[in-house]
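Which chain is which? They are A, B, C and D, in the order written, and residues in each are numbered from 1.
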Amino acid sequence: MPDDDADRLRGLVAEFLRRHDPAGGATAFLGARFDAGLAWVHHPVGLGGLGLPRRLQPVLDEALARAGVPDHRPRRNSIGLGMAAPTVLRHGTPAQCQRWLRPLWTGEEVWCQLFSEPDAGSDLAAVTTRAVRDGDDWVVDGQKVWTSLAHRARWGLLLARTDPGVAKHRGLTYLVCDMTAPGVLVRPLRQLTGEAEFNEVFLTGVRLPDTLRLGAVGDGWRVARTTLMNERVAIGGRPLPREGGMIGLLARAWRARPELRTHGLHADLLRAWVEAEAARLTALRLRQQLAAGEPGPEGSAVKLTFAELAQRISALELDLLGDEGLRYDDWTMRRPEEPDLLGRTAAYRYLRARGNSIEGGTSEILRTVIAERVLGLPPEPRVDRPPSESGPDRPPPGPRPDRPPSEPGPDRPPGEPGADR
Amino acid sequence: MTDLCYDDVEEALRDSVRALLTTHAPWQRTLTRVDGGEAYDPALWARLVGELGVAGLPVPEEHGGAGVGFREVAVVLEELGRAVAPVPFLGSAVLATRALLACGETRLLGPLAAGRCVATLVVPFGTSPGTPPDPVAVSTGPALTGRVAGVVDALPADVLLVPAGDGLYAVDARGPGVRRTPVVSLDVTRPLADVGFADAPARRVAAGATATGAVTDALTAGAALLASEQVGVAQRCLDLAVAHVRTRHQFGRPVGSFQAVKHRLADVWVAVSQARAVARYAADCLATGDPDTALAASLAQAYCGTVATTAAEVCVQAHGGLGFTWEHPAHLLLKRARSAAVAFGAADRHRAVLTDLADLPAPPPGAPRP
Amino acid sequence: MPDDDADRLRGLVAEFLRRHDPAGGATAFLGARFDAGLAWVHHPVGLGGLGLPRRLQPVLDEALARAGVPDHRPRRNSIGLGMAAPTVLRHGTPAQCQRWLRPLWTGEEVWCQLFSEPDAGSDLAAVTTRAVRDGDDWVVDGQKVWTSLAHRARWGLLLARTDPGVAKHRGLTYLVCDMTAPGVLVRPLRQLTGEAEFNEVFLTGVRLPDTLRLGAVGDGWRVARTTLMNERVAIGGRPLPREGGMIGLLARAWRARPELRTHGLHADLLRAWVEAEAARLTALRLRQQLAAGEPGPEGSAVKLTFAELAQRISALELDLLGDEGLRYDDWTMRRPEEPDLLGRTAAYRYLRARGNSIEGGTSEILRTVIAERVLGLPPEPRVDRPPSESGPDRPPPGPRPDRPPSEPGPDRPPGEPGADR
Amino acid sequence: MTDLCYDDVEEALRDSVRALLTTHAPWQRTLTRVDGGEAYDPALWARLVGELGVAGLPVPEEHGGAGVGFREVAVVLEELGRAVAPVPFLGSAVLATRALLACGETRLLGPLAAGRCVATLVVPFGTSPGTPPDPVAVSTGPALTGRVAGVVDALPADVLLVPAGDGLYAVDARGPGVRRTPVVSLDVTRPLADVGFADAPARRVAAGATATGAVTDALTAGAALLASEQVGVAQRCLDLAVAHVRTRHQFGRPVGSFQAVKHRLADVWVAVSQARAVARYAADCLATGDPDTALAASLAQAYCGTVATTAAEVCVQAHGGLGFTWEHPAHLLLKRARSAAVAFGAADRHRAVLTDLADLPAPPPGAPRP
């Protein structure tokens, strides 16, 4: 990027690093970065940024990395950084941005996502958690599921129904839930891996002041789209070096264990390696294309491919290990700090990867998103409009919702972005 | 001609086993046992053996069995797989029984058939018929020393059948010098164990070619019949998924009315139908001593393990988040399927066996094509 | 089959063979078989059968084969034998059976199938070819496509709309079209293989006496189901020896050409061989199960698998042949007697196999048939009912049509059964 | 850093090529030529070379070319693939040009860049970069004798570049002792030819390692850049299928509203997106002389050929019976895709190359796993 902005940015980083020592504590250092506008370059001044074009973020990241600044470890607050920040920035009031972005960035306040419900999985717009206006407050009652980090979160991105009388996508409002408020009950939800990475969240008469509303009343679906688009891009969208993801684990196991190799597995390995490298280049190309813009539906493809590859490659590693792969490390119910998609044993990774095609939008949902929003194929006939919808009250045609109405298939826990490192 | 269907006797046997398992081995109960750290259910085993005589099916009547053969054993395995029942049927009624039948050692058959004794074959679970490893040494006595990792059904066994030296040995599982260490296993309903021998007293039940043949026969039977267990697992996965998507609604419709879900399940049905034909063929070959048995067993393990694994994976996916939880039976089936896919040699290994058995020769060495 | 009927049947065959020499001419010999009731054992006496249970057909076939009687070569009149005969037997009047079955069996009269239309492919019940009653005749106007053998056929199985005022499945009538009648115009339709195996058939004021009607007026859809079920079972349903189908060609090429082998192709070959053997055993098992009954929706699975394997195996043979596979034998427009799915070159077989997932019901249609009729999954929302359907005129719930209303996907040329030999 | 996108110049070039092909090479016209037995279209080639200078893109300006490099050549190939245009671009502007550039033989580059001359490399189309065969013998004169089967773009060639003996030779395609026999080819829009030499006069343009290197470079460029043609074919197949299913109605709905169709096409879109990234990487590596070029070329041929073939197969299927006819462009694309999948070595061969290039070693010989 041989332009003036980039040079100026590099200069700012150099000056910043002269005055701030990363060894002085992660929170303090991150806070200083925020205050210097060196968090998200495209954010406005005062909100962690410098008002520069989005495409300059890699320049910043690179300059910091070259100086040996430790990785931000976004996985410490993955939902905050990956989903809450862009949503707050785009839809929040100045006061809300002021209040939330800095502690979110520093990791002092962890965020979670309160979207999915037992009966609203893929069909996210069917949420039934109610928020009823009472003076300056909203009183919230309902149940959410698949909420990772809820047990550590200060704030939750909450999608709630405020008007049950209108079409389902139109009666929703987006609130930020104070996870410390009375009436918020968090219970661990155990997965087939043995651990409890997610939670169920029960909301009983939870009072949230209207100042915690993000966007207009009844406009919750539009706000949620921002969250979801960013969620999908966050998953698998990080640029990796060759063999940087799960394929690297398999390739290293293959090289280390000649006695386990067979010609049949070799054929599978070569295919998987090619697919993984193709996916890596595709994510890189998408990033180059999107350097200047916001995530679009194309991000769904990256997430779709990531899930398929993670499942296939982890299964192949089990094939390679044979008898050894029949061993697990630990079935006791753990509460992991963060999901570790590349950690533990091959058997763990295989099991954990089963969730990749469910969380953050099932692969079925994502294929429909691609077919309808990228290829422009027609939606399926709708049967879930309330009667009022077919009358004159019907909403005007406009941009299709992010979860297209014609969606199929299994539910989704939105879960962790869980990016491949 | 090969009979690939089920006859009336087999259907009646299936009904009995399923009824017993429905009552006494619902998945919730199995999951509770798993959570309690004691997956194997001796009471369930006692009922299966006592009320239905499943352990004696392939044992000739003169040795206390029913003498009906391996087609019926296959039907029992389908039902045990369907229920992911935590009982040592595979190790005792298939592996050990077949080994003992093959080497003409009848002393143990009666107790095995009657369920007074549980036995298993001490080899790693992933051992394929052609290549039994032998990490156990024999000293005079005779006594055994060595260690075998990942043995199926060793935890509830009373007798261990150990290929060692040039023979097959019977060892008291609770005797001196024997140490069984539970493995934290991927398959939570059929945990493996590492078995160590330190100068453990043993009795030789076969020697030389008889012993080798008995072990091969046992592993071939394991491969051929495990396919039926895999069919049972796969069918259960399909049934669970179908039941779920018929009632679960999203977007105002049953999830099962969406074509993506429908077609995926249709593909699973096709695959399970094929796996059933393949498994029946293997069982029938084994039962009739068909010369095609080795090929049929390898075909079965080249095909059925993948089908069961895929069916279990689709079952999880069709349930969405629910299928990813601990409190739903899908994971018990998935873990059984994935583990069984390695048992007696993975699909890849059995395809390689077909290189010879089906005359599909590998590339000549050192001649890469341009 | 150690029962009395089987023994009696074997006796009849032996006696028949003493009196009739197969070398005396195929037509005469086949006619004699028909007259002796040794065509289809389950047909009534006088109509080519002995009124015996259907399960005894293999006993007959085996006894004849053992005596060296040449194969009936059903491919000479594949639609007649595979589809017309069961339809006529089940829905025809005694006079119709008398008129049609014998020359059909002997091959003296070839049959074709006039179902698909340019705008009614997968959605077969949408046919618009009209048949209007005029005295004792029907006057037929319309266009049919994908009609194999039309240029050689004496009779055609015709699905026509006789009542455009009612729901689409209900306004159809099944007629037998006299292909020699004035107004029948047959034009070759060229395929991507270069040959013209199929035809377009234009029907202009074709007069067909009402005696050519099969089943009741308005009952055409039900009659067509019989035809379609038999079509799918005919495709790929013949019991084969191991390596009897396309896999045999590949395996033989593999054995003959060691210099073309690679480890990667070996892995593909082993997988394909396993799949083909599994499919063979499955077809055999289905046949054992159905020995006593009529074809059901399970037959769709055999046809689905057959198509997938034919496509995959023929592609793999091209992979094996490399440079040699880039050669074709002949692009000139031929009119083959019968499709030869296992003939010509590997490149031809690859191209011809592309049709296997389209003709006789697309693979998409067949998956829906399995999902709805075998697994009992719910249909999709219907949008193609005429307004009258939603009123009290709506048909009562009953057995679902063979082409379920919720069908997806690409069109189908019904085409040849084209069974794998 | 590698640039995987298209810059403005490349987009402008694409627009020009597409506009020309839309006007002068609609598929109906191409099909008519195929039916007439003369697929290659010299008038179209004259326009592409004359109006847009496509043949001179990678040729340095001092030799009469545009000197812009191989990224732009890749863009042209995308468009030619999209149109299944019957012109000798691959043989002449890629293989022959790259070979001549590599061996520093500049005499022919000018005529090639100007389109006054068409050339190709005389090897079987399926030859992969690592292993050029050499069935042609050299005698003094020099003169060539031998036969090479299935050569691409030999029919419209003026000059044949022939690897023979220890050199690379230029032969007048219409000269004495040269016989070109058209092959009835699977790819009807780019038919191959068998080329025979009987003491045909030749001129040596390179010898020894230079000649070997030039042939390898040419084949590597072919493998790397053919991927872009494959992307063009795949994208066209997807576009045709999408357009069809949006308008074709069955069951009272557009066929493209059915999930089975939708999801299949979504998968193709994902695959084409990936193929595009892989092809751009190969073109960029080639253009910049990146040391990863050999790996990038093998990756491209391990991936993109399958994607184009699948896209073409899905295109036929999505069109139903219509896609199976001669009078629809789908088959032209299918035949191009299937044939190109073998060109410069099939996917299997390029995966095998990655064994070394990506350090994914094969099993040690003679050590079958138990």
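Throughout what follows, a residue touches a chain if its C-beta (ideal position, glycine included) is under 8 Å from a C-beta of that chain, and two chains touch if they have at least 3 such contacts.
This is a predicted model, so every value here is computed, not measured.
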| item | value |
| --- | --- |
| Mutual neighbours - chains that touch chain A and chain D alike | B, C |
| Distance between the centres, which are taken as Cα means, of chain D and chain B, whole angstrom | 51 |
| Distance from the mean Cα position of chain C to that of chain B, given in whole angstrom | 41 |
| Residues of chain D touching at least two other chains | 253, 258-261, 263, 349, 351-352, 362, 368-369 |
| Shared-contact residues (touching 2 or more other chains) in chain C | 262-264, 266-268, 270, 322, 364, 367-368, 380-381, 383, 406, 408 |
| Category of the chain touch graph - line, ring, star, complete, other | complete |
| Chain C - residues contacting chain B, complex | 251, 254-255, 258-263, 266-267, 269-271, 273-275, 277-279, 281-282, 284-285, 288-289, 298, 301, 304-305, 322, 364, 366-368, 370-372, 374-381, 406, 408 |
| Residues on chain D engaged by chain C in the complex (per definition of touch) | 34, 124-126, 149-150, 183-188, 192, 248-253, 255, 258-261, 309, 313, 316-327, 330-331, 334-335, 338-339, 342, 346, 348-349, 351-352, 362 |
| Footprint of chain A on chain C - complex, ascending | 263-264, 266-268, 270, 380-381, 383 |
| For the chain C and chain D complex, residues of the former touching the latter | 116, 119-123, 126, 145-146, 189-192, 194, 262-265, 268, 311, 315, 318-319, 322-323, 325-331, 347, 350-351, 354-355, 357-359, 362-364, 367-368, 382-385, 405-413 |
| Chain D-facing residues of chain B, complex | 127-128, 131, 133, 258-260, 263, 349, 352, 365, 368-370 |
